[in-house]
Each structure stands twice: as structure tokens, then as C-alpha cells.
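Shared chain: chain A. Partners: chain B in the first complex, chain C in the second.
Right, the complex of A and B next:
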């Protein structure tokens, strides 16, 4: 692996709510190299978005609370940074695209206003005050890059005047307008039409290539992982259960959960609907001890409920957090 | 846009017509004899009868309404039985005084209410939020005349920081009357010194009127700030490194202020009729005081005029609120087909 840009180490995040304490992230390990594209897959509610928000430090605290771990960006811990420094990171280094483009744009401001302020504040953060003309040109360029027709007109539109696909292009333009080094894409196409999904992802892929950014791509789709990422991670109930090169993971999944996930992908050959994985994601108020997957796992053994397995090396950087592959099972 | 305003104006006309009918009939069915009330108990029965005839009081109601409406169109609302002057003249004299005062009060409550609301919402559950909540509840619970007396006593009598009652000191000659707004008239007359004095005289009564509205509007803004802070787009703005002042006072405030604007409009119209206790305390020659005096004296023509003015104020303020809301919220603007 190349030099790490982002290194999430043993991250524990929980939420204090009325009913008690939700222990959501349970030791997340995630590492992204410079220029690398990393996939993160897992079912709804496994903590992917919480991980992204922790990295950007936009989790509302309270109720959220980071109880343990580090988020190292170029070796510096984001969690312990001063506010000012975090702001600078958000302006020039990190960027994100979220799941729902319909909710991601402020409804009472034009696309232009929102985009201009991002470019303006990003430049101010670097101690430069850009002339209006330059800002305008940069915004239009950012919109044009996403394949948006007539960007000059789009600048004067309000979000409700645009379709979901257009709005997601706007979100991508916003995210890429500051030439971020690391892009966190949190299911950027989940809420879009299938035909648009593909277009958007292709565009995103192209743009990331041009800008040379690193990407964390969060998705439900194995196809997206296969096409767009070099390394992949499977997440289950708040921890990474398997990590490796995308090829290794897709062709030879080792963790029983990844295996189940792969088996759940509907086949084009039409062998009927898969069974999926029986059971459901645990209740975070009272998660099962040890490996959180053990109640649903066909291979479970005694050790599984005793202690959370660490990521055991399988070979060639492929690692799985399962006692089938190491530990005193 | 223009079509929208035209349509709303047209609707307001209907509302006002309904209002005029309602007022007219209520005024007519009220017990007591306006002619007798106007002439006093010493007048003879013939004199009263003659006035009754003159006031068309012996005609059937629809005829009476016709006469009344016709006169109204000519700006003739009859004669006040209490001030012995044409009601229109009274209105022209008293309305601007109250209008100036409550405009100032509304300005104060808009600024202070919004700032505290935004800060309390943004720093939710902080000491500032707690303090502003406590002060708000006190503000809502305290009648405005109590605040008026308290402020007058403390700032004018004890600390001597503010002038006392009235619109200007007795020694000062008011400027020539153009708009009826003391500050504006002074400036028009080229006397900024009088304008400043007039402004100082407005501060205490305006604050007394504003307190309850600062409290209410602040609370409403706080609630909607808290709600909007959880919106995804605010997270997105933060992720993109928008600076905090811009985030709060631009991106968060604009969507949050919409419900408050509606309440502000209602508050303004409400003050038109409910400022009288404060006007009493500050001896403010205003409309509210005139209204109450009219009611206490069963001054029929004046009461009718007062209710009409209040109705008109509500209708106009609502129209204004609709227009402002339309500017703030593109969803409404685009749906009504404006540009």
C-alpha cells in the first residue's frame, strides 16, 4: 500500500439517547492511501455514514460521543485538532457527497450562491480574496465538468427547479470545486434512478481521475465497488470485518458476512432470489458480545462470543476479522 | 409577482367589505341610543329625535349601511360624540403617532428577537439558551404596562437616562406636520436635533411594547433554528468549510426566519389595538388610547372607524407578510408563477 493519507484507528463512537447508550462504531479500522480508491460496503445501519461524519467531524455532539480511537489525516489526529484546523481541512483537503441530493442543498438559496460561497471561503482560508469574476468562472467550470448543460442558467436556479440527478451533479460540483485531496462519497447514487446512477458514477470516476483525489466510496452495490475501487472493506455493525484488494474480496470473500453479502447479490442467470443472511443487524443498545456477527453466523464457535476478533492476515494484504483465520480458536 | 400582489389585494377587498358589514351591524345592535349619548341627558326629546333623523337612525339597516358606506368612500366617518370632531380628523392625528411607535417597537423586537433566537438555537442547551429561555418566559408573563411603569421609573426617574412621557418635551415646538411621524417630520423640516429627541422619547415605550414580542419571536426563531440545524444541507455547508458566521446568519437564518415573519406581522397589527396601556403610561397621544376612550364613551362612529382601521392594518400587514415570505421562500414564489 502507498503512503497513508487517512488512517482511522480503532474508532469507537456511540450515541447517548433517551433509552440508553447506542454503541455504534466498535473499533473501525480504515486506511486510505494517496490517490487510492477505497470501497466500503455493508448493509444499512452498519455505521458507514457515522464513520464518514466522524472523519469530517460533523457528528452532532451530543448526542454522539467518540469514546476511543484516532482519525489520522496525514498523521494528525482530526479528533484532537483545533476547530480552525478542522475548518481548514474541510476547505482544502476533505470533501464529501451525501446520499440524498434532495436534502443536501439549501432550498432557499440559488445553486450559484451556494457554490460561490464554497469557492470564496476556500480561497479566503488560503489567505486569498478572489475577484468575483474568477469565482464565477470557477463555479461555472465546476458545474460544466459534471456534464451539466447550460451551467450559467443552473447557477441562477433554486434546488427545487432541478431533478434529483441534476442536484447530485451540483453536489459533486460543490465537492470537487475546491480540489479536495480526499473525497468521501456516501452512497452518492443510492437515491437516483438506475440509468442516472451509472452516468453520475462514471462522471465522478473521471473527475476524480483528473484531480488525482483519493476516494472512500460507500455503497451497497458490488458492481460499483468492482468498477471504481482498488481496495474494498466490508463493514458490519460498527466494525470493518474484512479488507483487501477489491479483486480478492469479490472473488474470494473470507469473512462469513462478506460471503453472505456476495451471495445476496441477485444473479443475472436467474437462479431465483437469494436467501440473504438470516437475522438482522443487532440492536446497538445491547449488542452481542465478541464478534457482533456471531448470532447470525453459520460458523460460530465459542471464542466468537468472548472477544472481538482482530483483523487476521490471510495473505497479500487481505485480512478478515474472524477466528476462522487466526487467533486461538 | 405583480399578478400575485394584485390578486391578494383583490382578496383583501372582500375581507374588508365583510368586515365593514360586520362592524356596521354590531354597532347598530348594541344597546343604547347614540343620539342620546351624543347630546347628553339634558337634551330634550325633540332635539334627540332630530339628531336621530339626521344620523339616519330611523331608516332600515340596509339604508343606513348605504349612507354609511357612501360617506366612508368620501372619507367621512361621521363626528365623534366624544371629541366633537370629525372622526377622520381624529384618525389622521392619532394613527401616525401609534404607527411610528409600533414600527419602532417592531424593529427592536425583530433585531433583538432574531439575534437571541439564533444564538440560543445555535448554542442549544448552553447557558445562553437557558438564560434567554428564562428571560423570555418572564417577558411573556409580564404585562407590558408593568414593564412600561418599571422602565419609566428606573430609566427616567431614577437614572435620568431617558426622557419622560410624551412625544417631545413641552418646551419644544413640534415640526410642521407632513407625515405625522415626529422623526420624519423633523428631518423634513431640517431639524435632526428634534428628530433625535423624538427618537429618545420613543425608546422606553417602544421597548415596553417590544418585550413580549422579543420573547415570543425569539422562541419561535430558536425552535426553527434547532430544527433546521439537523437538516442535511447544513451538514453539507459545514463539510464544505463555509465559515461559521456565514453559515449561521445566512444559510441557517433565512430558512428559519420564515415562520417568525408571519408572527411578526400579526404582532405588529396586534399592537395597533393593544398598545393603549403603554400609551396611557407614557401619555402618548396615540390611536390605541383613542380607541379605548371611544369604547368607554360608546362613541359609535369612532368605534366603527377604529375597528375598520385595525381590520385594514391586519389585511395590509398580512399582504406584506405574504410578499416577504414569497421573497424568502423560492418554493412559494416559483409555485405562484412569479419570476
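Right, the complex of A and C next:
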């Protein structure tokens, strides 16, 4: 693989709160190549959103604190960049879609005002001032691209006047209007119905193809990952536990956690539903030592509680952080 | 069918008058539930599935139509229902975080239905509550004196289930009981519900938007769209050959995880449009605006529900002739 566009190396992020120190991200490894689509799957509270926010550098610090690791974007560490440089990066290179469009859109401005601002400021950042006509045309074009009917009217609407699916389309239009190189999509369709989800994802897929962006698709739905990504990562309690090509990962999950997740997904074949994974995600105030999954794992060994396993190669780029696959102590 | 019909919904209508017009949340649906069945009521948000359930439980009195439970009509306001009836039909809500009082302990939460329904003497209640917790596989010693916020989402939902079971119900409405939970927790809850259904001989009305889940738990599936039922069929047949275009659109939109499942999905129907507002329902068939197979008649006349020869009910103009022939 050529030089990755984004390379998250051993990222540790924690939050200092009244009760103590929450160590949330525990050595996240994630790399995204140019034009590649990468999925990140995991349950609620496993640190998916914290990872995205760290990459965008929008985590409030304090209480958040990056204790270790690097986030390399085109070889430069985002965490050590000057503020202006980060802003420029966010303006042209990175773009994000969040789960709840009602929270990412400002309720007191029209869709038009918000979209125009983005297009205008993005151009100013590149040292160009666009005439109003051009800005307007670009906004309408961006909305039309997302399959929005009657974009001229939508421009004058407020977010509450739109349905959930429409709002999410606006967010996609915003995210793609600047032709970002890397799109971070944080559960963009979790709140939507399946038919709407299908439409939105299909549109997103087309647009990303057209613009040639790289995508990090964060979701808790294995099905979405299967449809949209080339490589997939499973995340559990703050670290990546398995990574590989989406096909490999879904057809032959290796890490016990991924296996458990796959078995828990209700299937159309109607073979019944597995009991799921016993227990729940650990408390970050006092996470279990070693592999954080070991208290819930059926294959646990002595080594598991001693040290966090690194990602062991299984073959063909498929790697799992589990002592079942190497590193016998 | 040999099993007896426990719940009959006939021409149920529930309208809510608002300033902007009448919201036709439930618009003339009929559904029969046999004893011991698990009926999955599936639809998008805003299709009226929760309103239907709430009419059954008695939260709303229906605008018109009949609901009868065990042969006797129950379409009266909640305050006029007998206590016995309220104990027989129970509901589990979607979000256990907001349906359990955060300031009370689990013991206090569970004691309410026991007190209201006068089950057991005050002394016996403690052992009854422990027993309830045991039924939902939570060790009572550990959980009785905890508050909801100190336990996980899945455990909260189990407490909510225990509370619903406190009055020995015969019919339980499950209003999206697992959609707020992660898949790894969902499995446990679903298996628990299914086991309890067998052991305690419960009948479920399972409301959800997850068709894959219904494939695994429901005995019959009913698809709802904009206040109306599109298709009702036994699970096996339903998934083998979905008939209504909306059903096929729903099924083909589900993201699946294995190749085997992919082959079970109907041919891809590109979904388009969104569910219209229930304030101004389109004329004719309410689905015609999004339907890939619409004909001239669809925008003029609302199709009638037809029974196909395998007992399935479909409400679509496509099947009017076929069904008429088959039905004789």
C-alpha cells in the first residue's frame, strides 16, 4: 500500500472527571489509504466518536487529554500542528458527518445561510473570494447532488422544517461541498429508517466515488460496513481488536469479540439468535488490565489479563489483537 | 388455525385532531392475534405502529373500530378498564432509561404493580419480587436495592420486563424493546423473551422496525405503512415471497452480513421518497407516490385488503384479480 492518507498510531486519550480518570482510547491503530473506504464498527461507548473527534481535534481539552500517540495526516501530526494549520485542514481536507443532524445544524439559521458560509469560507481559505452568484449556484448544486428535490426551496428552510432524512442529506451536502479529501462519517444513518438509510448510503457512495474522497465509516451495523467499505476494523473498549479486508473480516471473523458480534446480528436465514456476549463494556474508570475483553471472553488465558495483545498477523493483511493468534508468552 | 384468537382488532381508527389538520395515525386496520403467537408489527417511523399498540394497551381510546380481548370488547378509556384486564395486557417500552423512575430502587419499581393489583400480602411481596428478578435472570440479592442508573441498558430492560410480568399477564406488547440496545445485548433479551413466552404461555405483539429480527422471532409479520396494514403473513411465507411492493422495498433495503442472506433478499428495489405526513395522506393507495409498480388506478382508489390462498393478507391493486380468482 502506498503512503496512507491518515495514520493513527497508538492513540491514547482519556478524560479527567470528578470521579477520577477515564482512560477511553487505549492504543488505537487505524490507517486509511488514499481513496480507500474504511469501516469502524463497535458498540455504544467503545470510543468510536472519541477517535473521530481526536482526528478532527475538536475534543474539548480539558477534560480530554491525549496521553500518547500520533495522528498522522499526510505524514504530519495533527496533534502537534498549530491551530491555524488545523483550521486550514478542517476547511479543505477533512470533513465530517455526525449522527444527529439536528445537533449539527444550527436551528436558527436557514439551510442556505449555513451552506453558503461553508462554501464561502472554504474559498476564502484558499485565498479566493467568490461572487455571490457562484456561491449560490454551488450550494444548490451540492444539495441537488444529494438527491434533494427542489433545492432552491430547501435553501430558504430551517432545519426543523425538514425530515430526518432530508436533514442528513443537508449534512452530506455540507460535508461534500468543499471536496474534502477525507470524510469522517460518524453513524450517519443510525437514526433513520431502513429505506431512507438505503437511499442516503447509496447517494453517499456515489458521491464519494465521484469526488474520489477517502472515507472512515463509523457505525454499529455490520451490514452497512459490508455494503460500503473495503477494509473494516472492529473496536472494543478503546482499541482496535481486529482489522482486515471487509470480506475476510465478515466471513471469517477471528477475534472472539467480532465473532460474538457477528453471531448476535439477527439474520434473514432465520436460524435463531445467539445469546449475545455476556457482560458489558468495562468501566473506563477502572478498565480490566491486559486485553480489555478478557472478562467477557470464552477463550481467555492467563496471558490475557497480563498484557494488551498487539495486532497479530493472520494472513493477507487480516490482523487480530488476540493471543489465540500469536505472541505466546 | 387451531389456536384461539386472543386479540381481535377490527377496523381500528385513531385520529388526532391538531391545529394543522387531523393526524391519521391509525387508519382502519384489522388484525387478529392467536393465543401463543408472536406477531411482529413492522413499519417505518411515523407509520402508526406505536399508536396501534397504545390503543391495545388502552393509553388512547380508539376514534372508531373495535378491539376485543378474549371475546370481550376493550375499546374503552383506560380509566374504565377493569383492573383485571389491565393486569392481563401489559407493555414494555422502548427506552428503559426513561420508563424506569431514576429515583427509585428496583424493589420500589417492581412493588408498584404488585401493590396496585393487590398481589400477595406485603410480607409475601419481597419473595415475589425476588422471584420476578430470577425469572429475568437477574440475581435478586444483587439488584433489588440498586437504582436504574447504576445498571446497564440491557439489565434495565430486563427489569422493565419483570415489571410487565408482575401481574401474570397473558398478552404483552413489546414496543421496540431492543432498538435502544446494542446487538450483543439484544440477543440475550430476545432469547429471554422467547423463553418466557413459552414458559408462561404469553402472546406478544412485537413492534419493531427490524425485519431481520422478526425473521427469527415472529410467527406472523404485519407490515404497516402510514396508518394502514400492507401485508400480513406467516413469517416463513412472508420472507419466502413478499408480495406487496412496499414489503419488497423494505426487505431489499436491509443491510445484511452474509452472502447467504443476500441471496434471500428479493430483487433490489431502489427505494425512493419518504413516508408522507399523516396529516395529508395521498389519495388512493397511500404508498403510490413511492411505489415502483404504480398504475393509474393507484392514485384514485384505495385497494382493499385481499386474502390470498395461503392465508396471507395483501392490500395492493396488483393482487386484486389474482386474489379474486384464487379466493373464488
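One rule holds in what follows: the second predicted complex is superposed on the first by the 327 of 329 C-alpha atoms of A that agree within 3 Å, B and C clash if a C-alpha of one lies under 4 Å from a C-alpha of the other, contacts with A are read in each partner's own complex, and residues count from 1 in each chain.
Here, contacts are C-beta pairs under 8 Å (C-beta built on N, C-alpha and C of every residue); 3 or more make two chains touch, one makes a residue touch a chain.
Just so it is clear, the model here is predicted, and its values are computed rather than measured.
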Checklist entry - chain B versus chain C on the shared chain A, clash or fit? => result fit
Checklist entry - What is the contact status of A:117 with respect to chain B (first) and chain C (second): first, second, both, or neither? => result first
Item to check | Which of chain B and chain C A:140 touches, first, second, both or neither | outcome: neither
Item to check | chain B versus chain C as contact partner of A:43, first or second or both or neither | outcome: second
Item to check | Touched partner set for A:58, first chain B, second chain C, both or neither | outcome: first
Checklist entry - Quick one: angle from chain B through chain A to chain C, Cα centres, nearest 10°? => result 80
Next on the checklist: After the superposition on A, what does A:161 contact: first (chain B), second (chain C), both or neither?
Outcome noted: first
Checklist entry - Of the two partner chains, chain B (first) and chain C (second), which one does A:28 touch, if any: first, second, both, or neither? => result neither
Checklist entry - With the two structures placed on a shared chain A, what shortest C-alpha distance in Å links chain B and chain C? => result 10
Next on the checklist: So chain A touches chain B in one structure and chain C in the other; where do those two contact lists coincide?
Outcome noted: none
Item to check | chain B to chain A touching residues, read off their complex | outcome: 230-243, 246, 250-251, 254-255, 328-331, 334
Checklist entry - Considering the complex alone, what residue numbers of chain C touch chain A? => result 44-45, 152, 154, 182-188, 190-191, 209-213, 215-217, 235, 239, 249-250, 253-261, 264-265, 270-272, 274-275
Item to check | Residues on chain A engaged by chain B in the complex (per definition of touch) | outcome: 53, 56, 58, 60, 87-88, 90-92, 94-96, 98, 100, 103-109, 114, 117-118, 121-122, 124-125, 158, 160-161, 171, 174-175, 178
Checklist entry - Once bound in the complex, which stretches of chain A touch chain C? => result 43-44, 163-166, 193-199, 202, 220-224, 226-227, 250-251, 260-278, 280
